[in-house]
Amino acid sequence: MVSIFITAFIVGGLICVVGQLLFDVAKLTPAHTLCILVVVGSVLDGVGLYEPLIDFAGAGATIPITSFGNALTHGAMAEAEKHGLIGVMTGMFEVTSSGISAAIIFGFIASLIFKSKGKV
Amino acid sequence: MDEKKYAKLEKDTSPKTPLMRNMIFAFLTGGTICLVGQFVSLFYMTYFDFTERTASNPTVATMIFFAMLLTGFGLYKKIGQFGGAGSAVPITGFGNAVISAAIEHKSEGYVLGVGGNMFKLAGSVILFGVFSAFVVALIKTILVKLGVVSW
Amino acid sequence: MNKVTYEKAYCIKMEGTHIRKLSLVIFAVIILSGCSGSGFRIDNNSSENQAKAEEVLKNDKRLTSAVTTFHENNLLTAVTLKTFSRFKKVKIEKELKEKLENGYPELDVTVSADSKIWMEMNKLIDLKDNKDKGKKIEKLKSLIKEET
Amino acid sequence: MVARGLLTFKTTPSIAATGVTAGPLEKKSLFAEKFDKVYEDERCGMKTNEHAHAKMMEDACMIALSKVDSVPSDADFLLIGDLINQMTPSNFAAKTVGIPYIGLFSACATSVSSLLMAALLTEIGMSKCAIAGASSQHNAVERQFRYPNEYGGQKPDTAQWTVTAAGVAAVTPHKKGFPSIECGTIGCVIDLGMTDPLNMGAAMAPAAADTLIRHLTGHNKDVKDYDVIMTGDLGKTGFELYKILAGNQGIVVTKKFRDAGEEFYGADAAFLSGASGAGCSAAIFLTEVIDKMRAGDYKRVLLIATGALLSPLSFQQGDTIPCIAHAIELTMK
């Protein structure tokens, strides 16, 4: 249970290093990089590899954006298992809703409170 | 001077990207953010009825809350300049993209400005996440129906 | 030239603080790991023979600890796994469940490798009176179900 | 080479006064004490960045006018520009000051192109006092051309920091004891295929080098004739490239070569490659250079303002960054 802190640090860090390589070596913009990582997460879940990674690394696998793709796919597949092809559509946001709703809610709250600053 | 020659000259004179430094900083920053996430998740497991798996939802929301504070106080861009992908790849980076756009477009009003531009940067992540999830789940469902693989 | 040296100094400075922070965290984790009680605990309030369960759990090299309780017709086991065995968490849960079901065919067997369940089980075993145990076990079972 | 795009002013119009305003962060600039007004608030007490942008421009105009003991109704023309959507900040500033106005756009090269236009109007006798200049505001420019200000993206060492500043000059017919505009060169758009909006210096360097060479050959001048040859906002990376390009054309690169963008914030690594923006060249040309000319340190200077003519749309559609540079030659007699 305790070693999960170490694995979370290492796995999370390594996923970010992959992102940095896409920035610096492949010369991609942040938006392109994040899109690629999301797609990678989704595909990894499709072949059943992402869930074991979450079991291994905990937050190290759920905090990077790859888990977003994983969660979307997972929701879709879980519904598909129950309801067939229709479930692919309906189940998508079942698991991921927290990330998006939190981003919307806190984004709006931030826009009420804060102003942007041009500091270094 | 033609474009190719100039591109070569530009490459030779411009400062090199410090790849090793960037990678180390990305590793440390990303790792630290995930470590914080693990502590948050432990908090939810200890004090609430969340299991390892279900704790990830409130953890993600909490991390985005932290991202809101850091973004609002102008600290996230400092972390971003230092950590590169280490701060962009975690869900806090997604939060920062949404929140920074929301703050910036406040001047155009809450409906057209904040509402219309909030997902200016992060929208593509949602689009590609959803679409790839759709394709992957569809392929898997069809393969299961054909009896090639099982769930 | 000046800029390069400045940057280098900046890198070294920042790197230092991070490594110090990291080592502090690792240190804290090690201390924590020393405190958390591990091992194999069994709490038996029923007439069942616990030897079979003990054998299954203790002989499994992938486990670091296991907490088991027999209560009425429930057999609930929470285990923690070795670091790299966590990859196969779902598979191990399933295997253990099968083995225990073979040993106790008449009991309702539940196995979980979740740390939340493990924490709750430790608390449960430490409870002095048995009155609330049934209720708590049901609750844990529903938590486990929720997860899958 | 046929000499095209060259301007010579027989009447040598003068820069009778300048007005330079800057934001709070610009206190870090090496030239901060030379600015006429430095705001404590990055929005200059206004509601939005764009209003602050307009306000800075207005104040700069008023300061320049007051230095020649004039009010806006004494001025004949207002020739200013900026980079925000259809130059709205300049348009709003022009509305407030109420001087007959033409908005000019040459991106960051507007500081020089506006001076050239003002000199032309003065040369043909149509203007007794023309206000010319350019401005930029960091927050407004960043959100339009790059990311929201609070976005945590990593900028490479080649990136430049857009300056919050406005600089204008009052151009009058020749006046003794003031720097006068002798000649100038209108630049051609040069595009050597650079696409990185976080490395503008490299995109603009060829345009600067091209205009420099055209000016020297066209007006039959030599580097030796000048006390300083200052470029606008190439930044550290762009300035290096520009010197190499000029050197390749047989020009002896000496200490006379300076770059406003490179010098603006000094050696502060937080600003990466240096400063940029229309306000950067305007602020430095109209303070540092003009002051030194009036003090007699510089007799003859060549100012080359560079501008990247991109838009967020053209960049996203994958186009390269076309660049321009305009040159103006000032003398002090």
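Some points to look at:
Each chain gets a letter, A, B, C and D, in the order it is written, and its residues are counted from 1.
Just so we're on the same page, a contact is a pair of C-beta atoms (placed from the backbone, for glycine too) under 8 Å apart; a residue touches a chain by one contact, two chains touch by 3 or more.
As the structure is a prediction and not an experimental result, all values here were calculated from the model.
Averaging C-alpha coordinates per chain and comparing to chain D, the farthest chain turns out to be C. When the C-beta contacts at B-D and at A-C are tallied, the pair with the greater total is B-D.
Rounded to a whole number, the gap between the C-alpha centres of chain B and chain D is 38 angstrom. With centres taken as mean Cα positions, chain C sits 25 Å from chain A. If each chain is reduced to the centroid of its CA atoms, chain A and chain B end up 7 Å from each other.
Here the spacing of chain C and chain D, counted between their Cα centres, is 66 Å. Shown for chain C are the residues in touch with two or more other chains, namely 7, 22, 25, 115.
For chain A, the set of residues that touch two or more other chains comprises 4-5, 9, 23, 30, 55, 114, 116-117, 119.
The residues of chain B that reach two or more other chains are 17, 22, 28, 31-32, 35, 52-53, 71-72, 74, 83-85, 88, 93, 97, 99-101, 103-105, 121, listed in rising order. Contacts from chain A toward chain B in the complex involve residues 4-5, 8-25, 30-31, 33-35, 37-39, 41-43, 45-46, 54-55, 57-60, 62-69, 72-73, 75-77, 80-81, 84-85, 87-89, 91-92, 95-96, 98-104, 106-111, 113-117, 119.
Touching chain B in their complex are the following residues of chain C: 7, 11, 14-15, 18, 21-22, 25, 114-117, 119, 139, 143-144, 146-147. Those residues of chain A that touch chain C in the shared complex are 1-7, 9, 51-53, 55-56.
Across the interface of their complex, chain A is touched by residues 17, 19, 22-23, 26-35, 37-41, 52-53, 56-61, 63-65, 67-68, 71-74, 83-86, 88-95, 97-106, 110, 114, 118, 121-122, 124-130, 132-134, 136-141, 144, 151 of chain B. Note for the complex: chain A touches chain D at residues 23, 30, 114, 116-120.
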